[in-house]
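Labels A, B, C and D are assigned to the chains in the order they are written; within every chain, residues are numbered from 1.
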Amino acid sequence: MTQSLPLAIVAGAGPGLGNTLLSRFKDRGYQVVGLNRSLPSKTDFDIRVVDLTDEQATNAVIASLIKEYGAPKVVIHNTAQLVIKPLAETTAGDFEACWRSMALSAFVLAKSLMQPMVDNGGGTFIVSGATASLRGSAKFSAFSSAKFALRGLTQSLAREFQPQGVHVVHSILDGIIDTDNSRSLHSMDPDKMMKPEDIAAVYFGLCEQPRSTWTHECDLRPFDGSF
Amino acid sequence: MTQSLPLAIVAGAGPGLGNTLLSRFKDRGYQVVGLNRSLPSKTDFDIRVVDLTDEQATNAVIASLIKEYGAPKVVIHNTAQLVIKPLAETTAGDFEACWRSMALSAFVLAKSLMQPMVDNGGGTFIVSGATASLRGSAKFSAFSSAKFALRGLTQSLAREFQPQGVHVVHSILDGIIDTDNSRSLHSMDPDKMMKPEDIAAVYFGLCEQPRSTWTHECDLRPFDGSF
Amino acid sequence: MTQSLPLAIVAGAGPGLGNTLLSRFKDRGYQVVGLNRSLPSKTDFDIRVVDLTDEQATNAVIASLIKEYGAPKVVIHNTAQLVIKPLAETTAGDFEACWRSMALSAFVLAKSLMQPMVDNGGGTFIVSGATASLRGSAKFSAFSSAKFALRGLTQSLAREFQPQGVHVVHSILDGIIDTDNSRSLHSMDPDKMMKPEDIAAVYFGLCEQPRSTWTHECDLRPFDGSF
Amino acid sequence: MTQSLPLAIVAGAGPGLGNTLLSRFKDRGYQVVGLNRSLPSKTDFDIRVVDLTDEQATNAVIASLIKEYGAPKVVIHNTAQLVIKPLAETTAGDFEACWRSMALSAFVLAKSLMQPMVDNGGGTFIVSGATASLRGSAKFSAFSSAKFALRGLTQSLAREFQPQGVHVVHSILDGIIDTDNSRSLHSMDPDKMMKPEDIAAVYFGLCEQPRSTWTHECDLRPFDGSF
């Protein structure tokens, strides 16, 4: 095990925000590792393929990373599965898939990492929320319910682990992230989309907060967003 | 199918609040049916045993009830599964069981009933939340996450179905309900516990609200509760 | 002092909701008295003209009412002053007038009445909030700020006085109330407005809640309102 | 008018956080000016004495600052007046003083500065909230009501001015700030207090946020704080 660089783990490491987060933390001197359900077609980073809802598989990957690099100083949970459908078209499978992808995965990840982080002197655990974390809307029954679940989990983790030295953040991304994918899906002016590198800068700043002033929840949105 | 009495369904129909709700709505002229995972050892009511996380089984029971009594005018979701453990002792199984019991069951129930209620001229769908619906706490990672999930779902249902005539309520029970079980578990003065019959009276009042003034969220707590 | 009937005081007793509240509580057996800044041009009720931001004047009126009827069982604070202007057009006078009308008046009223209500065995103190109580919006800087102030005050009163027997409620009226005035101001379908008599029925129900299940905050809105 | 350095204005510029904010922004290349009700006994900075609830006096001071330095790029509202008393001991004067000190002062300041900031290409307007901004408590009727008022105002300003280029932030300081004054008032371990320089670093970071990712609300608290 080498410990020359602090470890940052990004769960949900596809193109877009995940990739940018890896890039930012690498540039600032972190050893970075991505966790993803599948291997992105193109990446410059060390991505470990794992289903974060599979407790055994996740524990094995995390144990191996800790053995290589020590417990992480930074963990970012950034998985997403979007379902926008009226209730009649939303299946129990959709409802469960959203929850597994966004809430159960965060639970399994936290369970595998919180104690090692505490034992290693603390760190930062950031979770990405969305507009739907604060407000359920028509056609968002599956997505909102899962994002609410993630927020409730994150608050619980903050209240359990902050006194033990792990800073837990729920960051609400209240807008469309400017990715190739978003530009093809939305006709929105890209000037009104959130830049992945700007989000990554905020996340990096949250990891640098001294423990006398930890933010648990903050929102981020483009200047022009109605909210 | 007889339609002499409007139908009220109570999901989570064990002793305590479930049983009291059945009693209250029966007294006020409803045909009442309880849904429960298992048959309570003692009940005066028509209880159908069904696993509400099983979509097929739930649809079959609901279809049969609608055939007998017509679509319900009142549906109360009142299932609960309490887990209070530090993260290290909370298993992924606990985390999932809470969510299945409280969030997935509400989704499956809503999906089976919302359209028939709309087609039948509307009605009221009430969900029981808890303190943990608004605030995650240490040792409540599984329970809070599931209760948050339920709240996000309920808000989404309100915004989709209230314009179609179904009143959707998220009622936050912020206290200990006075049941035989609570009295044996807690040393609390019963005068500071919530009486099931008082909760039932509030739920009945919510079902009577005219559509010009529908409450979506309200809290209920004993007068002496610190909150 | 006669005590044959319990006293209900409605502050903000003009035509519309105030008048309807007086009517409802009178019908249900209360001695009702309205407090208003000016005498409505037409009313069937006992209206006392008082500036509720004037502590001395308010104390004098309340002392006289207590002498006549005993401490009230029900107090409803229902004053409103609407300002909708961009910041540039909102004067410090507007900002202060909203706050005096809605927040300071509630403080002065509570201060004059809470202790007598406690001494008299308790009662209910209801405050009318609005959409703007939960969310500040462009052009609502004066109105939202005052409604937020009222909510913060009401929460504080609840936490101080509920353990002493006075039920304190913050009721969020999230819609347009159907009055002659609203119909002339808005082109909205009256079917989508809140009926004063329906609001009054809810307020009456809140006053009847047994102390094992007190609601502190609830929202009310028409079935069709987007929210 | 020289424009070599961007202007940062700190309203509430006494010893403690105000002074530290001036120091931080000065170190990072800002021209800094403090506004205060009275001249601190000791300060290294340019402090203008002004009553921010006096619209004329405030406008005069701001006009003079804009003439000297141009419209500010950063404005921090950090005034506070703490009242902790049961309702019976809280006077209408206390209630009004809290509101004038914290809410009216922010309104007057915003009104004098928002348009010049818009015209000057934008900037950041930060307001300091507190635990009491989110939750009213017994003995905090005056303080909570004023802090709620400030939050409602700030949300309204954000929704009106962010689309015009002024970033508006409500920062919730959920803890005791470590100052000489706090150490003499509280027996709390200083390790559990918020360091003024850490808060200042967060505020500086908020001012640096690019407009694709603006935070409107964030909380800050010490790692060990129960919350």
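In this text, a contact is a pair of C-beta atoms (placed from the backbone, for glycine too) under 8 Å apart; a residue touches a chain by one contact, two chains touch by 3 or more.
Chain-to-protein mapping (UniProt): A, B, C, D = SDR family NAD(P)-dependent oxidoreductase.
As the structure is a computational prediction, the values presented were derived from the model and not from experiment.
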Relative to chain B, chain with the most remote C-alpha centre: D
Turning angle required so that chain C lies on chain D, C-alpha fit (0 to 180°, nearest 5): 180
Centroid distance [mean C-alpha coordinates] between chain C and chain B, Å: 31
Chain A and chain C, separation of their C-alpha mean positions in angstrom: 44
In chain A, residues with contacts to at least two other chains: 158-159
Arrangement of touching chains [line / ring / star / complete / other]: ring
Chain-chain contacts as defined at top: A-B, A-D, B-C, C-D
Complex interface listing, chain D residues touching chain C: 55, 86-88, 90, 92, 95-96, 99, 103-104, 107-108, 110-111, 114-115, 132-133, 135-142, 144-161
Residue numbers on chain C that touch chain B, as the complex places them: 158-159, 162-163, 165, 167, 178, 193-195, 198-199, 201-202, 205, 209-227
